[in-house]
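Contents: one structure, followed by commentary.
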């Protein structure tokens, strides 16, 4: 075949993508935006993300330590790798990656940890949870376990995990690095992603989609509120959920009434 | 061998069974019967069913959304099949099988869903749970997940599931058909079976056995009440549980005293 | 809200879909079509189906009893439900659903069984496998186990299963019904779907897509053959796989040469 | 209630059972008996045991290292407990329980190991497998893993395990005791039980049932041989499998012819 | 090689270990010792045990029936084996091993059950839990399920299990023997071991280590209390957790102040 | 408490470790070293690593595509993260991380992939396996699945995986980055680690330990060869395995004879 074709540079550029993409489209989680995100259900955000092709952004297998404690924030990430003697000696002790992320988390951030779904060792204890709370973290999500569950619950900071376990981190993990792309509960999470959690579970929203998804979710929830009201009055779901043209007309009327005139 | 023997018709009839068998032996769950079923423990019903050769009638892997909410009712069934683009297009939207069963559930019925034990997508949300409640359903059991867990809990209707998850049904399922024989949590459930659930779990009673099993369970629980009283007084279980002849005599005495004279 | 809107009939029709859709678009698996399907890899068919939105049509968790025995055929389906004493009495014995499908399978058909992925009981034994072979079945796929694995292997008929197990069907199952929509290994299978399997696994092709997917797979494999040839000569994959414009030009040349002129 | 009834001695005797029961009904596995057991399929033995109420005597989750190597023998048992530093120090090294059973296994015995189904550490290596072979053991079954799988395969002794793994026993286990009642692959095995294995799996026969089950299995296999012959000739299974009266008559004729006259 | 070397007796003695070792080093759990053990977290005990090479002494997969009910006690053990008809007949009924241990448990003892992690059958019901409470048991831990969960919760006795299930013991188990070395939740437990549990989980302490581990845990918790106080004041964890020389000096000062002077 | 102590620099330096440690202690895998590593069993290497505190360096859950194909090489690493639409768009296509590592793998290197143990999508196909072979790679290990298993087997290059699956990478993964520290089958692997695999499994050796571990393994295998010879002659394992003083003396004699004089 003679000389191989030289590699197409544009193609390669396209292929590699740009690590910094997210950083370029930061979404500023203003207090108003946080409040709106906290008001919509994760279930509703999930529908809107799925509609846009995002069907793998739910962090599976994690539960809130205490039901009823939702969270909204931007992700800080932490990656653990499996325990290995030499690597733990090099990176496990002292001011390790785990402590670095906790000591540097900022107001409104959510720490998200990759622990490979292993629930047989702690990945967070009461001292670090307290430090995160003092720094104003919005919460912590780990697909590993939580130690000192009793005291952590009392701190009040929202924590989602795959369970509780008394063992220290080093039983299974080496704290490896912070602020990189990680896998948590089957979802990929990047620093700066927006994370929202409630009793249904936790979801990751790529920053560029936050506003669009939020607005669509709010509109969606307004429709649902109408449907709930109708069903509460005894209406059948047939034709109403999803709405046919007649019900949609009534909804618009209801909606106008609600938003005033 | 020459001509094969012609197939034995009686044999084949026997082999095929009769789909309608259950329907022919309906048990009417009168308010009195419901109350009696609600008073016995699922654990006790389980013993009596096992004694009669029914060892696979427990719906495994489902938990009540809220402990303490038991249920008693006759089964309405709903079967999901795995998501497939063409089949979802044909059956997933609009007034689908899921909505049909919810819109037609009657007072005192329990909706039981086959979701192949997959807890990574919702199979029930707050609107449908509300509709079921409005129609007087006794409860809902699914071996899939529940969405909108918070609002569903507030509705008060007893719900048993394999967990909670924010994703919509379509992430994993096509709502396929209603009122057929299904598998739920490893147990086969037919429309018209009687379903009872409490904090230990959920059990399926073939209609023809309901009265027999209930009476035996009530007698069993009376014996247990005696044993509990004795153990509470400090008696050893040796000889008492199960009762030997002497203890049985005392039990009969206790029982007579209790039922008055 | 006054009168509820009457249900939109068109909408409901749309929602219910049409069970018979597949039957309406039967694909005749001519010997030539079978041969072509057998020549492409399941991996390649999988790519083409995924491109068209079919990402859940692989029957997971089943392996060939003997590597190297692929199959192509149209699906006949069989559904088991969990063992229950009364239902087994009604449907388990004699000329049950399992035997009905085996006795009626036709030349070139593949029997696909729903056994809920339970590998702790047989769902096929040597007698039924022999009968299927005598009738010309193209193969058998079950997400349960196979009994009499030794003799079944010797029959030569392609069998895919979740394992082998000595126990009879009745340990876990009641043979329930045939020729209905089933779930097998996480994929939904309808009677008349085209099933293709090789050492990578088994895949389900909705009949209406067979020709389109096959043609695309053949084209795809021709490209791959070119790439394999180039890589075999020492070319890098960068730019070649996938092909950039220059490599594509060379491919077209190679292809012309191959198809003659 | 006054004095509690004294415990009923007969009852207690009944309750405790007698450890030695099996030893009292030893079955002598003569060469002729072994040969007959080796000729019937484990699948057939499984049917006969199930008919007699033994539905949990299959050792699940173990596979032959090499297909085609069946075994027949009486069980010698070995129990491992989870690794614990102090207990391994006391029992793990030197001539431990594992080595004791291997050094004392007799001709025709099968060593059966309880490793709690953990396949992440070896429970048998090539040296011990060789020693067992030299002593004439009929085979080895473990629900843990095998180390040195290559050399063990070459020894030719039948070995069934949950997999292969390079790690030593001590990674997960302390060899604890021999010749006690154990659980292996979900089945309880006592010293002296008869164990038979083939490619379908391994089964445990309580000694008192061996002759009865074997004879029934042989009769069963003769019926199956007839059915296979008929199906091979093109007969339908309807009426033939299971046999109706007409087919049974033909079978008796066939059988008479076979046993000569 | 001529005569084989005679076996080295000292070596064999060393290898066999001594079953009675624990019994020789009993730790008397005085009320004062119990109180101290109840005040330290299982998480802290876990750290100290791990430091001493005990990394497999956590009973995994069990949860408290009711959060907040910790326990401290010495282990009494009970071993179940898988259900088998003949063995259940011999050992399952009447005053079986399960009832024997419950009827003989003493003040401050913890009953620990080996149920092979099977959560599909009860291993404890309300009558036996009541009897254990009446006898003063410190609690019950089983890696099987609990029946009658509602009444058991009301008794108040701490219970840890792998779940709740309505089925009786006999669905999966034969109660086999008491007061032997068992495996529970992946940890080996011997009679006389000290068991401590809280919301993080349950841990087993070999008797000989109790005092040493307890004292180290108390010292450890004092350090943690200081760190918590500092973090609560806004200090960073860098340098403080673990403490560098400067922080350690401050800690000693704080500690002196606390213990008075 | 006044001013917090400034962070101890040496401590922090110690805590962070040095990423480059491995790179600083490269082990050159000369042909002679490779050959020696290929001659010792992974099982033996595992013993020696465990003795030195490396108990988590076995890549669990991967099997050779074809038994008997061992491998030895230095690791090149590749990390996948879960599929996400935006990230796949940025990094999934074209000359992605997967293709980069394959196109740059050097003679004697082993490509090791982190696929989170997910066996429901391919992570290697025939074209890339061919390219790796052409470049002289020693083999490929993935804890995901392999596509095109048939052709890959024919290439002859050693491949270890968690299974085979027809689906493309993008069904579950985004190829993320190369040459970083990864987790594969529960073991942490760094670029430059030495990887050895045979039918028992695959093991990771930190470079600094290769010579020490290899020499110890060779000595260990010589002892085992002696023991095998003795056991083959009918000697008991008691006293011989492990060797007591007398056997050790004989071994030394045997060894001297073997190494000549």
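Chains here go by letter, A, B, C, D, E and F, matching the order in which they are written, and residues are numbered from 1 within each.
By our rule, a contact is a pair of C-beta atoms (placed from the backbone, for glycine too) under 8 Å apart; a residue touches a chain by one contact, two chains touch by 3 or more.
Just so you know, these numbers come straight off a predicted model, no measurement behind them.
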Same or different for chain C and chain D, when you check if over half of the residue numbers at their contact belong to both copies?
different
Candidate from D-E, C-D or A-F with the same interface as C-F, over half of contact pairs in common:
C-D
Starting from the Cα centroid of chain F, hunt down the chain whose centroid lies farthest away.
B
Can you compute the centre-to-centre distance for chain B and chain C, using the mean CA position of each chain? Integer Å is fine.
34
Taking each chain's centre as the mean of its CA atoms, how far is chain A from chain D in angstrom?
50
Between chain B and chain D, the Cα-mean centres are separated in Å by 37
Residues touching two or more other chains, restricted to chain E: which are they?
7, 11-12, 93-95, 236, 238-239
Parts of chain E lying in touch with chain A, wherever the complex brings them together
41-43, 45-47, 50, 55, 58, 60, 68, 198-201, 203, 224, 227-228, 231-232, 234, 236-239, 241-242
What part of chain A is in contact with chain E in the complex they form?
93-95, 99-100, 102-103, 120, 122, 125-128, 130-131, 134, 147-150, 164-168, 170-171
Chain F contact footprint on chain A (complex, rising order)
7, 11-12, 14-18, 21, 52-54, 56-57, 81-87, 89-91, 93-96, 116, 174, 176, 181-183, 186-188, 190, 206, 208
